[in-house]
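Both complexes shown next keep subunit A, but they swap its partner, so subunit B is in the first and subunit C is in the second.
Entry: the complex of A and B
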């Protein structure tokens, strides 16, 4: 049997990882992504997520429980993205939630293979992102603890500001848009 | 370009939203009891006011929730934003 080689969504993009002047772009691949639907007012649901994933679901719009996995990002009044350290944890998490919440009205979907993450760091990271985005990305408005779904160069993305002093941001993007968006960001960085 | 206030996310650009037509169209509870004309009226006929219009928008590129907007079709000014299920604000002023 031949070995199956795991390839990340952006492995074939030339120029990535990119290290330019005051801008770095790297793919943060193979993390766990779980889309979670459920009622925030349902304590059974919230407690099970806390016990299983170790995160408390943020209830304020466009906020995140943290900047690094494990953390939960608000996507809607009944929808979150759980970010976990690896794909295996996502599968385990979904199985555990399904078992713990049997009979409850909720949904947990392992979408680790459907998304990837681009991390932009350096003093010019937000300037580059602003070329393709209508949100105000100033750190005073959009700092660590926040998140937002929006369009980046017309691709639907989730933005997660990091806690580093330089104001880095992670961009969660669908796999099918990742190649396009990575090339667009590389071009915008030059 | 409109700036639309999503009830959850706050002000975002129009490019993040999809338009969903007139709001508060109630589906008939018993479609079989309707004549073709009544069913066609439910499906196709909409008010087309010159002025205030209650309409549905979806924050497609954001939180993906539907909500309602009162917009002036002449000036494009957005006069109110409210969630599905909420009583329309400023009801008297909004033309039906």
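Entry: the complex of A and C
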């Protein structure tokens, strides 16, 4: 196994994790992220995902199969984000899918290093996010089970509402934008 | 010394005195005051000079309509120009100053223009300074200095502003009786409601008018209603918030003044907050603004709107005068007469152009001791220059629209005027609807709604309290119902309804002489536009109201004609011989009242102006002291200066390390796209100019992409990972565009092709190891890949591990040297980088940045798309015909056969060697054949890249030169901005190792 140290995208951002009044921001690092492409009507594909990752792919737009890994987020009619507990599982999952689906038309890409997750919780979490996002984040409209691809400030993100009572939300952001977005969110949480 | 403060009453907090200064004078007011009410309490009458004639001006209104009381607030970076004193909440330590006068409003040098007023008609500047045109710049400078309102801060704004996006079911704008009733009705149903009002307190007219609602007083009802709204979980109350813009899809912009009213702001809180609201339904309850009357010298300080006078007396407990005359064409101002009388101000007369108006209110005034109601009469002129000292009253012949009988003088120091009410239809009109003129009521009313909005109360012409409340409740309920809520039974309010006598429309009071000869009758106080100006404009052929506006400035300025526009339109109509509503309104544009740039910018400034993208190794580069360069949104190391080195020295050192030893660079920013599917190769054949289907698995190839116009769009090296899978790379700046471009073709034109595109740019950290000793370094950190030159040939890739981390290693070269690009999962990027650095110590491994990368590739004549190309360059122009397949179709191919693409004399890519050899030409330098030729000197090309090559010990440049490929060895001239002319010889663009021997080792 590797001796090389794993460095999450936000390891160097001062001020993280942040605990303010009614708002907490932490990086949920080193999870497994797999971008999955394939036909929803292809039973072989869906079954392989179910067998490998233990999730059934959501078919309704902007929904998620759960709020914690393992879960799958709908990104498009033929595209999902698989979230797995750790990056090792992502590598295993991709290898297993490649083996199980040889000859099928699909694609599974390990993007565990390509993105990270910021978890905002506390009563002010959604208000802070509303400063940078034009979607309706009211818990009655955007609750657990939903997900959305949108812009947060000037970064593209995926939002995943959590099931906690305070209405926390996880923000999936590309690695190269994570530093910018984390600083932006810290500023917005002042 | 609050000489004009009433001993009791009002909504001010007398136990919270506040100190402030006006033009250096110390004043005092109370919490709950506006700056305007505090200035009046301190007896300040003149606080501004008018825009054009520098006439003394005082406070006219009590809200957004105020045209005169524009003051400069605060100092230094905190200063704000042109703040309406009527909308500024007083705070302790406030510093206010007049704007358009010097040395002060009492004595103003600029007032000399008043003496020449006759020479300054409408369009004066257009007419006078038309000729000669080239002098306009000079004229403009002085004209602007003479006009000018406040001044902008010169320092950066020290305050913080923020934005927030919200959604709601019902947005209610205006928290007067109608708005509150609407919010209550909608809020009770459970709808998400936002109630906004621009004032510090909710209540609207209830704040200055006594009322009875049900069994309670208006004030009690207000208190209870606001408390009830505050209790509702889904209701948001936003006082001090102006809804200033109504855009499409029921998207509205509000600005909340969060800490403007606090002394010194509040730590950590933004000064203002911009609310961007998507409302499913909007209820406009914006009320109405009283209309002034147009008569001679109607701009004198002491002439005020009657509603403003009542507001100052009742809400702020301020006496705006000691001896008042009321001039009104309708009943509402009779209440002002009673308010003044009650406050101990002598009301000597109510002048009313109507003949014997009859209503309970008029009778109540007639019963008052000392108030003379003069009906069938008008105030047609005003005495006093710095302040009203009296008025001229004469009979009014309504049919002939002339004065009748003798004129008499009545002494007074306050003239309260009312010409009726203008519903505030601004937001309705901004929403795309058209306000319609109501001949009966003499005002513009909301027309057919275009978006999901409805108007209730004063802004809909419902001026009575009961009708406002009922209309508000109905509008709120209807809006909630329209969004799927059940508001329950229709609610009506109990409030007394008083009969009113009909108003007599009066757009302009006749003068004793012709309008053009008479003292000025101001229509638009802020722009000094008079009735005579409007009539002149019509005489000169400006008939459209939009043209009249631009010719006379009617309705321009910070108040956007809130007081003057309707009178002005009616006066224009009369001059045209039309009905008053016929000319229509000018366009109502956002913002309703001015919004600071700070609020519009929000936090998108400084480090948040644009995203900064960083690679996984960024912290290492920073620690190493790299200087960074912006490439797209990325920060890339530019060079790594060592102690005492300048950029030139650092780059020379880095270049020589790459050529002679080993060097390392961060190439993570290159775009990377996983292209996967049975048709992946066929797809790349269409995207790239060269062929990909024949590429063997495990091999890499350089590819060029063209736009549909045949021009070079992007390039990069891609590798075939498997029969059905490629690892594509793009330029750093082009990554997003290329992915979008390919998705567009795949999704819209070639949906039958079976492949998926996935961006993996952020997944891979890319470490370039370059130089003759690069293989030696790699051997130390990579044991499971055979690095032997023959078994790992140039332009191939291997999978294995580097420093124990799973890696894709590409043997490619952008420098011309032996080189490897190591791709590892970015989470391990910095760790692997450090491992390679450690392995390279014994070989003198040197990190290098983009500048050295540019020099190395320029020595090899490799292009950089976007630097050596500019969207007008074909592969043939670049001398890269070898990469353009003749045997297959690809995007852009057909355009390459266009006549323009094959003509002689196109600019072609060449190298330049300067004389003297150490002279580095600035990039962008134009090239000519003869710098001394007659102007315009024919230009034959330009320098695209230019560096000093330490390796060749010569300045080298790349250039696009007309017909350059056939001009090898010829000399061109490069005239520089400093007047020097440098000669350069056209050469082949490959300066170094033409045979490619160095990377093939």
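Rule of thumb we're sticking to: the second predicted complex is superposed on the first by the 187 of 190 C-alpha atoms of A that agree within 3 Å, B and C clash if a C-alpha of one lies under 4 Å from a C-alpha of the other, contacts with A are read in each partner's own complex, and residues count from 1 in each chain.
Here is the rule we go by: a residue touches a chain if its C-beta (ideal position, glycine included) is under 8 Å from a C-beta of that chain, and two chains touch if they have at least 3 such contacts.
Predicted model, so just to flag it, every value in this text is computed and none were measured.
In the superposed model, A:62 lies in contact with subunit B only, and not with subunit C. By the touch criterion stated above, A:3 is placed in contact with subunit C alone, subunit B being left untouched.
Look at A:92: by the touch rule set out above, it reaches neither subunit B nor subunit C.
In the superposed model, A:150 makes contact with subunit B only, not with subunit C. More residues of subunit A are touched by C (comparison of subunit B with subunit C). By the document's definition of touching, neither partner reaches A:42: not subunit B, not subunit C.
Look at A:75: by the touch rule set out above, it reaches subunit B but stays clear of subunit C.
Of the two partner chains placed by superposition, subunit B and subunit C are both touched by A:134. Legend: residue contacts after superposition of the two complexes on their common chain; A:180 is shown touching subunit C, with no touch to subunit B. Shared interface residues of subunit A, touching subunit B in one complex and subunit C in the other, are 134-135.
Against subunit A, in their complex, subunit C makes its touches with residues 162-167, 192, 268, 276, 278, 603-604, 607-608, 610-616, 618-619, 634, 674, 676-678, 754, 756, 758, 760-765, 803-806, 825-832, 835. Across the complex, subunit A meets subunit B through its residues 61-62, 75-77, 79, 134-135, 148-151, 156. Residues of subunit B touching subunit A in their complex: 8-10, 12-13, 15-16, 61-65. Residue ranges on subunit A touching subunit C, taken from their complex, read 1-9, 12, 30, 35, 37, 78, 87, 91, 105-107, 109-115, 127, 130-131, 133-136, 138, 141, 153-155, 174-177, 179-181, 183-184, 187-188, 190.
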